[in-house]
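Each structure below is given as structure tokens.
Two complexes come next, and they have one chain in common, chain A, joined by chain B in the first and chain C in the second.
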Partner chain A sequence: MMLLFDLALVASLLALAVHVVVEPDERSGIIAFLAFGLLLGLVWARLAAPDVALTEIAIGGGGTGVLLLRAEAAIRGRGKHEEPMTRTSKLAAAMGCAAISVGLGFAVLSFASPAPTLAPTAVEALPATGLGNPVTAVLLAYRALDTLLEKIVVLLALIGVWSLAPDALWGGAPEVRPSAVPDPLAYLARVLPPFGVVIGVYMFWVGADAPGGTFQAGTVLAAMWLLVMMGGLRPPPETAALPLRLALAGGPVLFLAIAFLGFAFADGFLAYPKALAKPLIVAIEAALTVSVAAALAMLVAGPARKAPS
Partner chain B sequence: MSSLADIVTVVLVAAGALLFLAGALGLLRFPDTLSRLHAISKADNLGLGLIVIGLLPQAASIADGLKLLCIWLLAQLSAATASQLLARAVHRGRAGR
Partner chain C sequence: MTSPIHATTPGGFLLVLAVILPVCAVLAILACGPRSTVRIAMLTLAAGLAVAVAIAVELVSSGAALSYVVGAWQPPLGIALRADGLSGAMLLMTALVVVAVGLYAHVQYGLREDARNQRAQTTFWLMLLALWSALNAVFIGEDLFNLYVALELLTFAAVPLVCLDGRTETANAALRYLLFALLGSLLYLLGVGLLYGQYGTLDLLALSRLSRSDPALSVALALMIVGLLAKAALFPLHLWLPPAHAGAPAPASAVLSALVIKAPVFLILRLVLDVAPPQAAAVAGQLLAVLGAASILFCSVMALRQARLKLMIAYSTVAQLGYLFIVFPLAAGGTGLPPWETIAWTGGALQLISHALAKAAMFLAAGVIIQVYGHDRIADLGGFGRVLPVSAAAMGLAGLSLMGVPPSGGFVAKCLLLTAAVIEGYPWLAATILAGGLLAGGYVFRVIDRALAVPAGALPSRRAVPRRLELAALVLAVAAVLLGLVPLRPFGILQIGRGGLAMAGLP
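Take a look at the complex of A and B:
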């Protein structure tokens, strides 16, 4: 029975992937991509990886999809159409994709079976971190460097988006509110955020012991903030505003500071003193959640559209 | 007792799934956006509601049951808002023409 479900899942995933590629209308393609992210999340859930499933649905499907939709709306109607691709360039792209797919196929087929795993080691060392969720332990203790760089990449992406603002508007506020806010949207912006904030904070908090964590929680909080801004309840902050900049930089700065303190109080860079491991990890996660939420919301809000006051 | 709960679950979840199937069929077969919205929002609200009620006897604790109910209510809220926004966009498009 479960095999039937899995096969249906894989078949629809493949069909959607083909649809995303061949769909000529960009907007339909992006919406199909959103659905693809959701289905991929289900696949991860079936593989017993709920942490990855949550992140995939939040960031891979939802967050990226919204960014793509905003980008598509921004270039739609400008009347600029890129030249149609020539037959040779299409062929070259197809060959490149085919080569990568075949290579990936071979790589997957040549994996050792059973696959070598570090999972027992990861679970064994879990008591030292004070955490209950091995995924969070990997992200913030064993492989903390990867996580640190990951969060900084998000900030770099935001700097890239902000740089699209004309010189005169640099440091000004972005614009996300539609010219006329529909009543249902304003209603949702009033009713949903209290629930959303509780859910976001809960996702961050249970991340220490159960599936959840900074990216998932940050996405939910970012969505709530965007809803408030789109409903016109609160204006978006100026991109040069100090509180915003502090919220954005706070997570990575705290992470780096604790990482360097590891030289003095523990075994080295990014090492935690044993007694304080869990409180430190939770503090880093809290600051990172705020940073991720602010960065994602500002990424969707886009570059400054109003002159700074 | 547990078998009774299981029967309730199977019947209600099957009914919910059937409603989703009908909604998907309506989404594919109905001619315009408004009637498609009508079909899919029925499936969303009632179908998901039946599935959630069907799953309630299987919930391990009261907290789990409350979480299930919250999921239903939040999905209702967002689905209703999205339908309203889509319908308004369609209406505005017609008035503008």
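Take a look at the complex of A and C:
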């Protein structure tokens, strides 16, 4: 039965992928891409990787989809002056992708069996962190440096987007509300956020011991905030506004502060004292969730469109 | 449990500071707002330079590599940072160029007409500091995924620098750069996944002991190296580089051309030398050398044909990059020495450092010229040496290094590479090195000729270009020349910390 389900899943993934590539209409392609992200999330769930599944659905399906749809809407108004891809470049891209796929398949099939894995080691070391979810332990203890630097990457991406604003608008507010808010959107913007905020906070809270965590929770919170802004209930903040900047920097700053305290109170940079490991990690996750939510929402909102007050 | 591969050494915390200090500054600027931006940036430049010098001193005095195990989580579960002699040299070079560029930008943004542009100025400082952090992380990373994060940090700091001036054409160049860089990241990450699947570790030192001829390893290395080549802009993946590096403001061009493309080159070096098994390393080395030679010849000719100064300098970057790739077969030659004790290795390292200094100097000098003339069409710059003698001198001295004329760091580098090519029996590489030097002479003399020419009309006034603005370029150019005074033999400092590695990469 599960085999049948898996086969159907793989078949629809392939069909969607082909559709995304050949579909000439951008918007229809993007919607197929969204569906592709959701199905890919299911595949990860079937591979017993629920954390990856949640992230794939939130970022790969949701976040990227919204960005693409907004980009498409922004281009559609203007006259198209795109150069269609030539047959040769299409062929080159296809050949490149085929070569990579064959190489990957070849390499994956040649793996030693059973494959070497660090999963047991990661679980063995869990008691030192006080956590129950090994994925969270990887992200915030064993490989906390990667997580810290990744958060800086997200901030840089946001500053990069902001820097695309004209000089006169630097520091001003972006615009996400459509000129006329459709009724369903206004209704959703009032009804969904209370639930969404509860779900987001829950995802962050269980992340310590069960699938979930800052990125997934941050994405849900960002979606709710965007909904409120798109529905016109609250205007987007000015990009130079102090509360926004503090929310963005707060997570990484707390992370760094605790990391440096490790020099004095634990085994060095990014080490936690054993007794306090879990509360410290949860505190970092809380602050990071706020930062990630603010950064993702502002990334979708885009560069400033109004002059600063 | 066997004894751990990495152990934190005294002074290892300096490595953490090298990566984290600029990040702290980025967050501080974000939180504190525009008024304190420049002060924080200046403070960080001083502190970062001090950290780089401290690391170099520690390396030389202890004669062994510095290591730091982050959070005391041993690899393969955790992440280690490690600086050997080559890493130390990279850190120091990066600090020198970043500080010089930072001082130049400080003067330039302080000029009256630029002072109002908050957007470009704030973005520049944030990205410059983030870029520094990313470069340091690449040079001391030991974990392939940590290095991926460092590369991403580098990309997202470098791309906004390209379109700081906000014109449509530079935004297009930035977008093209972003797409190439992301494609590179993706291929690199695929390779990292394969290596983990095969060996269950991402630690470079551990991999250097485990790796053997596996199909998965070959595929992984091929993917990673191609991805990194796209980021390094080696011919024929260089198409994004000239518009991006030429379109950026001068201080941004300087760090992009001098430093950013060196990070992927450094990683290719580590993959080929430390991870690839001997046979794969030999094949990869030959292929890379062919591409390197093609880069030197093709892009030198392209540089010769450019009408605009900054485009010419940008094409010269791709050409000079080619020399770094012909090192591979020369260093892995049949002399029985480990690669890092060969003259080709020293030549490659010197080429990397002297090109960084010379190229940063050229772009900064070009920035001054544009500030005065308002354009960079080489044909219309007749007599610019009379208006801007210091910048013309910087351009000339930096040019010596690119051509490989004594006395200069470039001369020593190319001389060592040429000798290695002859000894190792690669006449076609020797011929390429000579031809590349001649072509470089051609494009550098075009500029020098304009500097010394009798001006066709009235010379433009210096307007408000203070002498200080010209000094940064001169200091960097002089440093590139002074590199030529190092003795012509394998460098002791570049061998620190290499001996402990398995001899992967040796035939």
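Just so it is clear, the second predicted complex is superposed on the first by the 308 of 309 C-alpha atoms of A that agree within 3 Å, B and C clash if a C-alpha of one lies under 4 Å from a C-alpha of the other, contacts with A are read in each partner's own complex, and residues count from 1 in each chain.
Quick note on the criterion: a contact is a pair of C-beta atoms (placed from the backbone, for glycine too) under 8 Å apart; a residue touches a chain by one contact, two chains touch by 3 or more.
The structure displayed is predicted, hence computed values, not measured ones.
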Query: So if we stack both complexes on chain A, do chain B and chain C clash, or do they fit?
result: fit
Message: If we overlay the two complexes on their shared chain A, which of chain B and chain C does A:Leu4 touch? Say first, second, both or neither.
response: neither
- prompt: Just chain B (first), just chain C (second), both, or neither: which does A:Val22 touch?
  reply: neither
Query: Which partner does A:Tyr187 contact after superposing on A: first (chain B), second (chain C), both, neither?
result: first
- prompt: Should A:Ala48 be classified as contacting the first partner (chain B), the second (chain C), both, or neither?
  reply: neither
Message: Looking at A:Pro116 after the superposition, I want to know if it touches chain B, chain C, both of them or none. Which is it: first, second, both, neither?
response: second
Chain A residues touched - chain C or chain B, whichever exceeds: C
Statement: Min C-alpha distance chain B to chain C after superposition on A, in Å, is 33
Statement: Listed in rising order, chain A residues that touch chain B in their complex are 182, 184-185, 187-188, 191-192, 195
Query: Can you list the chain C residues touching chain A in their complex?
result: 8, 13, 16, 19-20, 23-24, 26-27, 30-31, 33-34, 68-73, 76-79, 117-120, 122-123, 126-127, 130, 133, 137, 145-146, 149-150, 152-153, 156-157, 159-160, 163-164, 166, 171, 187, 190, 194, 197-201, 214-216, 219-220, 222-223
- prompt: What part of chain A is in contact with chain C in the complex they form?
  reply: 100, 103-104, 106-108, 110-112, 115-118, 121-122, 125, 141-146, 148-150, 152-153, 155-157, 159-160, 162-167, 170-171, 240, 242, 245-246, 248-249, 252-253, 256, 259, 262-263, 266-272
List of chain B residues in touch with chain A within their complex: 70, 74, 77-78, 80-81, 84-85, 88
